[in-house]
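As written, the chains take the letters A, B, C, D and E, and residue 1 is the first residue of each chain.
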Amino acid sequence: METILKKERLSEWVAQIGARATVFAPAFADGIWNFCAVAADTKVEFDHGNTVRPAKGFVFPQREVLYRFRQESGKAPELMETLPAAAPTVVFGVRPCDGRAMVRNDKVFTCGFNDPYYQARRDQVVFVGLACSEPPSQNCFCLSVGGSPHSEDGLDVLMTELDGRYHVKAITAKGREIVEGAAALLDKAQAADGKAAAKAHADADKHPQRALATMEKVAAGLKEHFDSPKWDELARACIGCGACTYLCPSCHCFDINDEITSNVPLTGERVRTWDNCQFPDFTMHSSGHNPRHDTGARLRQRVSHKLLYFVENHNIQQCTGCGRCISHCPVGIDIVRVATEVSGQ
Amino acid sequence: MVAIEDIRSRAKELLEGGMVRAVLGFRRSSAGLLAEPTFVVASEDVASLVWDATCVHNLALYLVNEKKRQKAERTPDTRPLAIIAKGCDSRAINVLLQENHVAREEVVILGVSCEGGGVVDTRKLADALRGKEAASAVCDDTGKVKVATASGEVTFPAADVLADRCLECTIAYPSVSDTMFGEKVDERGFTARFAAVKSIAAMSEQERSAFWDGHFERCIRCYACRAVCPMCYCDECVVDSTSFIVSPMTTAEEKANRIRWIQRSTTPADNAMYHMVRAMHLAGRCIDCAECERVCPVNIPLRLLNTSLEQEALEMFEYTPGMDPAQPSLISSFRDDDPNDFIR
Amino acid sequence: MSEVLETPVQAKKEAQEFEPKIVAFLCKWCSSAGSDLAGVSRLQYPPNAVPIQVMCSGSVSPLYILSAFNKGADGVLVSGCHPGDCHYLKGNFFARRRIYLVQKLLKFIGLEPDRFRMSWVSAAEGTKYAQVVADFVKDIKALGPQRKLKARN
Amino acid sequence: MTRRAGVFVCHCGTNIAATVDVKNVVSELARDDGVVFSKDYVYMCSDPGQQSVIDAIKENRLDSVVISCCSPNLHEKTFREASSVGGLNPFQCEIANIREQCAWVHKDRAKATEKAIKITRSAVRRSLRDESLTPIGVPVTRKVMVVGGGIAGIQCSLDLANAGFDVVLVEKKATIGGHMLQLSETFPTLDCSQCILSPKMVEVSKHPKITLMVQSEVKSVSGFVGNFKAKVHTKAQYVDPEKCKICDDCAVVCPVVATNEYDEGLTGRRAIHIPFAQAIPASYTLDEDACLGLNPVVCGKCKKACEAGAIDYDKKPTTTEIDVGAIVVATGFDLYGKDKLGEYGHGRYPDVLDGLQFERLCSASGPTGGHVLRPSDQKEPKNVVFIQCSGSRDPENHCAYCSKICCMYTAKHATLYKHHVPDGNAYVFYIDIRSGGKGYEEFVQRSMERDSVMYLRGRVSKVYESKGKLKVMGVDTISGRNIEIDADMVVLAQAMVPSKGTAEIAKTLKIGRDKDGFLAEAHPKLRPVESVTGGIFLTGAAQSPKDIPETVCQASAAAAKVIQLLSKPELEHNPAIARVRESHCTGCEMCVDACPFEAITLVNGKAHVNEVLCEGCGTCSGTCVRAAIDVKNVTQLQVFEMISACMGG
Amino acid sequence: MNANVYLPALARIAGIEEETRGARAIKTFRIEFPEGGGFDHECGQCAMLSLFGKGEVMISIASAPAVKEYKQFSIMKSGRVTTALHDLDVGDVIGIRGPYGNQFPLDQWKGRNLIFVGGGVGLAPIWPVIQTAVANADDFGSITVFYGARSSSDIMYKADFEELARKAIVQLSVDGAEDGWKGYTGFVPANLMDKAPSPDNAIAITCGPPIMIKFVIQNLQKLGFADEQIYTTIENKMKCGVGKCGRCNVGKDYVCVKGPVYSWAELKTLPQEY
């Protein structure tokens, strides 16, 4: 379903949705772009670079209580499941790379075993994408990883900026619902609008981006050069922080820990938090043995997971080319360069 | 002005003479504006070394990281490491010397003076460019910084885009070095020392509280701030362990009895705890390289925490970190006339 | 309408009922002995401060203080021997410096400075100990519960 | 294998039970993880109470015990011993103080009970992680070093030597005897000071167990109780005491005249001299500083004159290293400086004297052969004003404390003066008369009544010279009148201050000083002769102002303490000391700098704790940012657990 | 099974056997499901045991699938959770979820000679296979069990070994010389070389400390075992057990799902990150 929204009515639309759901849109504060809850009277405008934190947090929050427990000394524990009572949430201004990441996250959290926490949120969150008319970051490379500045994957709605208006396309049932619910604000798109959108998309495809060789070549190269000394060389400056993966829209690793709130009686929560393959303890066995014992091995894991293992398992790259891990690496470690140099492509 | 050619030729000498195992310096990065750390091991690669206002990193960190790396190597190269160090970086080296973490003979310090300039603050640039990224930045003699962006060149007054730490810096040249490049410039005429921290201190209590709550709440605990800090070299951090020391000697009890001072959860309180503890641990040790603040992806003004204590240390205890490797640390010393009137 | 009227009343009621939780780190030789003297002298003071006896105020790591707040303390007191009276000669001088810094830092991030206090209480100062606690409780009652560093529930 | 704790809550009659719901504490604690036994009892410290602990330990296989009762200062020892009888390591018994810190100070029963639960719970958590510890055995060197050869040091040395211990007596000056040697007669009995002191000094010199080192000072001390290593620096001994015949031939030829410090500057002496006729060691001594260069070419007269050949200019200072098990510090006092009391003209007017100078004037061996004559004109003074509390009890300007002996020696001085100059007038300005002591009050009364000394209550504001007279301006606070006295001589009862060098010796020995600079005792009441550092004891005026009987008494007490310490073949040291987690220590040395006892050194780049020097204060663990150092049984984990217990869970 | 994969069922500890003592003591826990929530498992599978307030640990199920009334776990005291588990008593209740992982392909091994090589607590994962094989001895050729421990007091399942010896060839070894020790003295791989079992129609299954496995495999290869004839398990750190938390992977494989059982032939195709 394709419609047209006049730019000046954007805020109205947002406000209308806000009456039934929590709405988030990118806002610039403290020097960064972030998805922020939109208050009733906020004026929403889309001129954002990519948000620093990706959209994944809406479905996979950094901290999630899996369940609570309570145990009197010497007695059996009681467990209280805490599935999220997720409220309807609509997130505006999601870049296509983040949308595509959602497809990847779905693969992780809903294949094999269904993750009920993820699912509960996923069902309630509507992602309204915004096609990139120019790369929001100089480190973007979505085209190289099978995406595009106007990819619809994982999004519920895709908006494309045209002259003075947005081309609004509902993609999923969830998306249709919010578009249809605003029939009064949105005009049906004409053929010309469709054409204009297509042209905007085609123009965006022509904007220069960082580039990576094809999926197959990179994957093959990484596989072949698993033992390459380059990994160590390239990771020598790595400081082992978690900026790259925490900011990555498709990184999904987590840790599970118990947090005690009282000892008598024992009460607490089993909590899931984001975790990170760049941290040394991530894979460290209780014995101290660590299969990925240095930054080289950990860099290799991150890059290979994105561009090789995921390909082997799902036949798509996990990386969607958002460029965050490059832009925010404290020491300039660059997945495009690393993958290119190691794979010899 | 520091001539990069001088640095390169000294680096070449050192490498050709086999006097160092590597020269740790800066080169252009593929990731954006800022230079990136590089280990030059072959003398023909010295040409890749650069020196400009984008060389923000405090390379002293790698003295620490390299130590860990060397420990893991079977036949480590024990020749010293040459390192390019700005004023603040050299003070970091001094603290590492003071804490016996490195020995003077393990490092050849190629000190560079920031003279009348300093390094850019990407955050200020981002603000100035509204989130758009710059491609290069050069600080010239006239107190201007030229910034190239996709849509052309912009020139900013230095005070607009240089890092706060540089604006407030009073010792913009290395306090320890083997070779020094550039001139010692004492009068720089930017902002007064501790200007940033004073502006926060001037807020009302409620404002300050809200200010920090807002910031701490954002922290994703990526620990980039800790990882980049040369003083946070502990193998296992007391605050939140992402690295555990487990050796064949470590007993099950020891592992079982690790204290979880705070949880891994990113609740505002746990985040605040993390930053409080870290700030306390950096009291008298932080040399204000502001790297922690720079690397924070969500722009938490961490430097303020550390400089607030730096200010206290200076004003109350006449202590300046990183000036003298022989002095006892701030918290392992006292004077009889330390402030007492806050005590009931 | 009635809601608007009620809120301050309620808040006041809450403030009255609010019983601050306080952790008091007392050095064994002076302050703990001082608190013993307060006991022997049957001085009455509010029961909110639960004492933890440590060997010396110098052993109170900033982590203890922060951890107490993290676990929900509304106030933390550290008390040691007067300068020069430390059983271990100078432990309290280290404590003084360290605690000064902790206090400044807490203040800097906007925690009410009155929530964290250090006192010198000698073994002879039972009255002083009682007074210190009474004042502290009073000040914290005025501030209400501490939430900034409190992690859970 | 979970730890099994037992909790015992004491009613203390109704002392605790009246305020704390003891039963409730017991039942609450029973819910805690690790508590397998809990009970209350009316008097835990009674025999049946203790027995119940013993039984419970055995019956319930307890591996820690918490007694919730009164202050640990009172019964920790009791219960630790009982635990030990029950077969539990005493260090696994903890006391929760719910009496002094709870029941006695609160009225609200509910709240007090809640607090008592928290206190007890926190002790339980701690106890569950208490290690079993064994006191550290330390071998001892059965030798003592006494620093300072005044009456305190002499008495102590003799007591120790007579008990069979080897003693090294280190005296800074050329003779032992201290200030007592300078006194004329002593209150309250007015017996001659030297007559009672000399025999003791001789005994010291003859005693086979005592090694006397004069002109010596302690330069450094390392080690710890039972095993100190001291370095003693001795000035060059140019005159060999063994050979010196005390013939005075040398002094006669010596061209140099210097002030005689023993006469408090009232007379002179030669560069080579005997400090006192009764000096021990009985020998002449050469004043290095005054001597004309110790160079035979320059002078060399005395060496030529000495037939005994006792003089050798080539002697060098020596440093001796001594191993001792204990150290007694008896470095004594000095009088408050002349320069400090400008208002009384001390140091400005020759006839304004301090107490010691006046002692010398009264002394038969003094500059005037025992006649009270004015230094300025050698005339007999007819009006003498004695000013008490000169420099004492004046917190604003001088010493805050009471020097304790001045009332007595002033009364003595006035009496002696009246004995020497029966027609003279003696005025005493005083604030109070403090004459506690056997026969002391009577002595003062006698001086007033029998020797008609005029006591004027008030402070002297000023002493100045006018027309050859000393004008003493004061106020009589009883009558409120201003008083002005024309005096021939003014004697100031100067405050007693720690002797010069006390700060240095305290630093060398790493012992504390009190706010007035006197050496600090471990406890003002219960451990008055011990310093806080194990194995170092204090005695005499170095610890606080005192008179001879008290000094002697304390000297013997210190000796007794040392004997107690050294009579065991091994010392027991508290094992609750710091321990380093080597894996976490980075060798930053912060703890090394912070440890008050210098117990930590770096060994192979890691902190290493000397288990005997460590007192377990935990300053190190409060300093280490990596939590790499912890005090056993008060570990960070234990404190962490206690904090959470105090917060209610 | 619960729809929520993370929510454990409650199980009661029915028996505790102290296998070995010392710093790395091993205890065997027998657990029952008095309130239901039990599950069937296959040889080689594992389960997540929960101790609330402490955390979860992945442990191999050491009892045979045929045993339905209870499940057994042999747990070495290693850290936070395992130490706390060791402190439990009979009657205490813990959480359990599972079963996780793949299984030993016993049905493909019919008619072949089975050679088990275990070391330390590594006997636990292969114990159910041994039990199952012995119970169905007719399906297989000869059954040989090599097992080594540091000393005779470190040998697990001591009582069961006597029983086993009647049905299978048992080759015990201890690392260092000991008075009265009748078995082999030396490391397991050496004992294996010493006894030199024939590779003909044989399958070798090994589990133990990484270093032991390494040498056992080398020696098996020397003895002529083909890669397809060698099986082992990989125990990478796990948190979720269901292939989501992302840490146990070896290359593309999440060991909690694709493993822990691997033939050497399969393992050789994976990167060496275990």
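Everything that follows uses one rule, which is that a contact is a pair of C-beta atoms (placed from the backbone, for glycine too) under 8 Å apart; a residue touches a chain by one contact, two chains touch by 3 or more.
Being a predicted model, the structure only gives us computed values, none of them experimental.
Novice: Please work out which of C-D and A-D is bridged by more C-beta pairs in contact, and write that pair.
Specialist: C-D
Novice: Going by average Cα coordinates, which chain is farthest removed from chain D?
Specialist: A
Novice: Quick one: report the Å distance separating chain B from chain C, using the average Cα coordinate of each chain.
Specialist: 35
Novice: Round to the nearest whole Å and give the separation of the Cα centres of chain A and chain E.
Specialist: 39
Novice: When the centre of a chain is set as the mean of its C-alpha atoms, what distance in Å lies between chain D and chain E?
Specialist: Using C-alpha averages as centres, the distance is 69 Å.
Novice: From the mean C-alpha coordinate of chain B to that of chain D, what's the distance rounded to whole Å?
Specialist: That pair's centroid distance is 50 Å.
Novice: Where in chain B do residues touch two or more of the other chains?
Specialist: Expected reply: 238, 247, 250, 255, 261, 263, 267, 280, 331-333.
Novice: What positions in chain A touch 2 or more of the other chains?
Specialist: Chain A, residues with two or more chain partners: 255, 257, 259-262, 266, 282, 284, 286-287.
Novice: Going through chain D residue by residue, note those that touch at least 2 other chains and give them in order.
Specialist: 594, 623, 627, 636, 640, 644, 648
Novice: For chain B, which residues count as touching chain A in their complex?
Specialist: 29-32, 34-39, 57, 61-62, 65, 69, 72, 123, 126-127, 130-133, 135, 150, 214-215, 218, 220-224, 226-228, 241-244, 246-248, 250, 255, 263-267, 291, 294-295, 297-299
Novice: Within the complex, which stretch of chain A touches chain B?
Specialist: Touch list, chain A to chain B: 28, 30-34, 48-49, 52-53, 62-63, 137-139, 236-237, 239-243, 246-247, 255, 257, 259, 271, 273-274, 276, 279-282, 284, 286-288, 293-294, 326-334, 336-337.
Novice: Residue numbers of chain C touching chain D in their complex, please.
Specialist: 19, 21, 23, 32-33, 35-40, 42-47, 50-56, 58-61, 63-64, 67-68, 71-73, 84, 86-91, 94-95, 98, 130
Novice: Quick one: which bits of chain B touch chain E in the complex? Just the residue numbers, please.
Specialist: Residues 251-253, 255-256, 258.
Novice: Quick one: which bits of chain D touch chain A in the complex? Just the residue numbers, please.
Specialist: 28, 31-33, 35, 121, 644-645, 648-649
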